[in-house]
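Next up, some structures in structure tokens.
Next come two complexes built around subunit A: one with subunit B, the other with subunit C.
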Partner chain A sequence: MSVTVGIPRALLYYYYYPQWKTFFAHLGVKTLVSRETTRGILEKGIKSTVDEACLPIKVAVGHVMDLCDRVDYIFLPRVVSTARREYICPKFLGFPDIVRNNIEHLPPLMDNSIDLYRKGSSLYNLFYSVGKEFTHNPVRIMRAYQASMAALNNHCRDMESGRLPFETCDSNRHNRQDQDVGVRDVTIAVIGHPYNIYDHYISMNMLKRLRDYGANVVTADQLPEHVFRREAEKLPKQLFWTLNQRMVGAAFYYFDRPEVDGIIHVASFGCGPDSMTGELIERFARRESRKPLLNLTIDEHTGEAGMVTRLEAFMDMVRWRRQLDYVAATYY
Partner chain B sequence: MKVVYPHMGLMWICIKAMLEYLNVDVIVPPPSSKKTLLLGVKHAPEFACMPLKLNLGNFMEAAELGADTIVMAGGCGPCRFGYYAHVEHAILRDLGYQYELVVLEPPQKHIGDLLDKIKQITGQQSWRRVINGIRFGYHKAEAVDKLERMANYCRPRETTAGATDRALQHALQEIINVAAPEGLPAALQRAVEIMDAIPVDIHRPVLRIGLVGEIYTLLEPFANQDIERKLGSMGVEVDRSIYLSEWVNEHLFLGLAKNTRSSKLVKQKAIKYLRHFVGGHGLETVGSTVFYAEQGYDGVIQLLPFTCMPEIVAQSILPRVSAELGIPAMTLIVDEQSGEAGLVTRLEAFVDLLARRKQTEEALA
Partner chain C sequence: MYGYLGIDVGSVSTNMVLTGEDGTIKHSIYLRTQGKPIEMVQQGLKHMQAALPGKLKVIGVGTTGSGRHLAGVITGADIIKNEITTHAIAASNVMPGVQTILEIGGQDSKIIILRNGVVSDFAMNTVCAAGTGSFLDQQAARLNIKIEEFGPLALQATVPVRIAGRCAVFAESDMIHKQQMGYNIPDILAGLCEALVRNYLNNVGKGKEILQPVVFQGGVAANAGMKAAFEKALGHPVHVPSHYDVMGALGAAMLAREATNRKSTGFRGFEVADRDFKAGGFACDGCPNVCEVVEIMESGQVIARWGDRCGRWSNALTQQARIS
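Presenting the complex of A and B:
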């Protein structure tokens, strides 16, 4: 008998999917990823969550509902902490409970914790408790765990070499983003949570659009961990949100890079951590840098035209600004 | 050095007492008002939660009175509050305010960090005196909480409208006036006598509502539009899930003072619905709702500032708790857009529903 485990294409899927997939594959368990975000999935999510929840949570609930009837288990780890003395966000801590208390007819949830808050804790705890459900052989779990860690390392290296998570997550995508052609004369850094900027529906294909406008896109995930952590130390106090640490560190880093022409900060409406770090980034930009910064806030009402207009205007400004700099450098 | 700290309900009484006992110059910002909020909203990030905006407004108003040092609590997440002080400081600096910032928080590396910061505020006072000062502040908090509890009991039962509020002001004044720990028991005695003198009708049937939610909106009357008084005047006895002294005891003294209500029990009750802490008071909100249901309260009102992350988790879970335990629960979200009339309408409707429900139950029984 083969069981199927469902993995929602939401939240930390973009960072950890290769690892999870490898782990389950080594245990002989089939995995099924929810379909790509659509209007339908978002609508379902919106209906089953409180209005005040942020967009990523609504989308994630929609993805869980998409999986409901098709799988035997849903893999929904409780992401407490992925680094020492850091959290992700309170909503991640409570997400399995939000799902459990709002959706009827759920398949069993595997909501074991990812908790690296304390010194000496390891991801193994998560995988051991999940693996136990499928096999009684601890050696098999250990092997699967090791293979999954190797997959995770590969994934991180892939990202650092410039590929974006969705490109490494499923390699047979029909519209591979790196196949488009054209001259790319500017470099734009897109800073945002992975589940906002890599989800084609939520971000309204922002990355592809920017590339079509002739921009080279870089994101926070292409920086090795030690780089953004070093940059983030410029803050007066270490941030306790891992994802935002990455965003702030990356923003500071890209503000300093001469080849980066502009920065886009993407936040979802009502995101708690972003409201703080967005402010810090903006103030940093104003004080220390002349690079253009675009602050984009997205929610479930985002209109595509509004986004396009702002991106186009931003690109024009970036090019114009660069030209001015060039002129100034030539004549003065 | 003139020290300022943000308002949170009646907390200023305790901190002022503590710092003045330690011979520190204190500037208490004017009570939070529309003006405070406007100042905060103008300069704070758009979807930061309301407490940050009010804090910022407090600091800006205090600067006009000559304050030059901010003392704030910190934290290590995942609630945003842990980063408040630094964001506020950055905003104030960009606005041109020359504030010194002292953040009291659980030390990252060594307990010495925290002690250094306390020394920075208290100067050359002996540690013994510092500890006495902290105890003095704590006892004042206890006294204030006791008076507030008495007021919540009296308000729905008072025979002349407004008598409770007038008495509470007098009683609080007694506590505020005490400058040394020795005088506190006598002052508390006098204050309690004032409260006891309120004429009440103890046989009057009242509804009981538990207030749960985020600490700042629960404690700060400006943030919650004085919900306790409004409910009291509608004939509702209110119990708050968080009182300042209990919070201080649990989070700062790690439960050193015994015989107080502890959130441990409440957290255990929440486990069935929410299996992990979510920062802030999310877990306590769920647990307290269960607790109030078990205690036979007529309803629960959850208060939270817009975009508060832990409370949104709790809010998603409350409908299930409410349905399973049969306790009506209403969520009120406050931000700078909240209007008083809207709140009153909703409270009246909620209280009417509860009264009707109770009537039906009694008729059936």
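Presenting the complex of A and C:
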């Protein structure tokens, strides 16, 4: 009898799914990803979560519920820290507890911790404790772990070469960047958490819209770690949120790139770290760069008019300004 | 004689402007949308036709505002543009060299920063409608003052009262409190204007560099009290253009002129005012998204659909009727 482990298509799925999938596959365990976010999933999540949680958490709860009666286990690692002296958002840390306390008839959760805060801690601890559930052979776990690290590296390499996470996670995606037709005359950097910007429902198809408006989209996840860390050092003090370190560093990097015409920062309403990094990025933009910046806040609303208006106006502004720069460059 | 038509369908008002070939305004119309955008567009077209000399020919139409797609489908617009761009274009034509545009409408407020004649930054109000026209409207109604009298009354204030401007609900309870304490209505109104301006500058204008010349437009610019409050807060003059209430429509007309350059217009004529348009909707049951699909019907025939995320319904129509 083979065992199926459910993985919600939410939160850190976009960073780590290829690694998790590979690990379980090497142990002979099947994985099942929850379906793409729909209104149904979001509504279920909203109903079962406390009101003050942010939208991504509510969505993630909805995804867990989507898996509930279809799998034997749900893989929900308790992500405390993924880098030394840094933390992940406390809501991620408490997510297994949020799930356990709000959803009834749960299959067993695998909420083993990832905590790399201290020196000498290793990601292997997580995989060993998970692997133990399925095999008693430590060599097999070690092999699966090594394969999963290779998969993670591949995934990162793929993104650095310009692909987006959902394109590398699922090979049969319908809207691949390279499949869209039409002229793309501007490049827009979209800075936001992967679980916000790559989720078609939550982001209201923002990336696709931008491409339809003729933009090449680049994101924070396409930068290698050392690049965004180096850029984030421009801040007077190191941020201790890993995810937001990436956001800030990537924004700083793209502000300096001549081929990037504009930057969109996407925050979810009620996200503490986002509200701060949004402000940091905006101040930097005003001080150091002449590049247009748009701050977009997303939440539960389904009306697309507000977003469409802002995106359209932003694209107009970017094109208009570039034209002016071009004229200025030919005159002087 | 040729002209360009600009239509701005906002949440509170529907405006129309007809410009000559040189961009000057021949006629403008300001109507309350009253939740019936289709009828108001048709009514506006009728008024417009009646006010124009018979031999004038419309050779370009542009639509803007939150109902721009709807208006665009009905009239056969040559260009459908967001309201930020149209406002910026209109203001920089009316007042060349403008660096800041303050725009307050019925349900939204925005700030547009221009440098060297080009939009360099903009912001719109996010989750809060405090500080927009409908709040002023509502408070005027509560005090039994006509909205037209609001501005002149506020100007009579001698000691403006301080009113909390963060939130419309708090502002209202603060106003009631001050009124029961015995303050004069003009003082309270002036205090309200100052509170709204404070809220606007802190919220929408947060961190923006407001440089002269400043243009104040949108329906609320009619309120002299708001203009005075802005001038007091900013410390320099604020310019209200003569067609402040139809600037979006004016910008749309100007864009229509650009869009129809060496091209013929898609305008379906003033006759559409008499055609039978209906907007209907249904919830698609194709997937758990349950999209609310909107259908625009003309004489029983579907001419446009939108609202579906996957394109199942909007793509089923011909290329021409497709929107967004």
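Heads up, the rule we're going with is that the second predicted complex is superposed on the first by the 327 of 332 C-alpha atoms of A that agree within 3 Å, B and C clash if a C-alpha of one lies under 4 Å from a C-alpha of the other, contacts with A are read in each partner's own complex, and residues count from 1 in each chain.
The definition used in the following text is that a contact is a pair of C-beta atoms (placed from the backbone, for glycine too) under 8 Å apart; a residue touches a chain by one contact, two chains touch by 3 or more.
Computed from a predicted structure; not experimentally measured.
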Joint occupancy of subunit A by subunit B and subunit C, clash or fit: fit
Taking the CA centre of subunit A as vertex, the centres of subunit B and subunit C subtend an angle, in steps of 10 degrees, of 80
With the two complexes superposed on chain A, say which partner A:K208 touches: subunit B (first), subunit C (second), both, or neither. neither
Touched partner set for A:A305, first subunit B, second subunit C, both or neither: second
Greater residue coverage of subunit A in the superposed arrangement, subunit B or subunit C: B
Quick one: classify A:F269 as touching subunit B (first), subunit C (second), both or neither. both
Using the superposition on chain A described above, determine whether A:R230 touches subunit B (first), subunit C (second), both, or neither. neither
Scan A:R140 for contacts with subunit B and subunit C and give back first, second, both or neither. neither
To be precise, I mean the smallest distance between any C-alpha of subunit B and any C-alpha of subunit C in the superposed model; what is it in Å? 5
Which subunit A residues lie in the overlap of the subunit B contact set and the subunit C contact set? 269, 283, 286
Going by the contact rule at the top, pick out the subunit B residues touching subunit A in the complex. 44-49, 74, 76-80, 82-83, 86-87, 89-91, 94, 103, 108, 273-280, 282, 306-310, 312-317, 319-320, 333
Subunit A residues touching subunit B - in the complex, by the definition given at the top: 49-50, 52-53, 78, 80, 85-91, 93-94, 96-98, 101-102, 111, 113, 235-241, 269-273, 275-276, 278-280, 283, 286-287
Which stretch or stretches of subunit A touch subunit C in the complex? 38-41, 200-201, 205, 269, 282-283, 286, 290, 292-293, 295, 297, 299, 302, 305-306, 308-310, 312-313, 316-317, 320-321, 323-324
Any idea which subunit C residues touch subunit A in the complex? 66, 81-85, 116-124, 126-127, 207, 209, 287-292, 309, 324
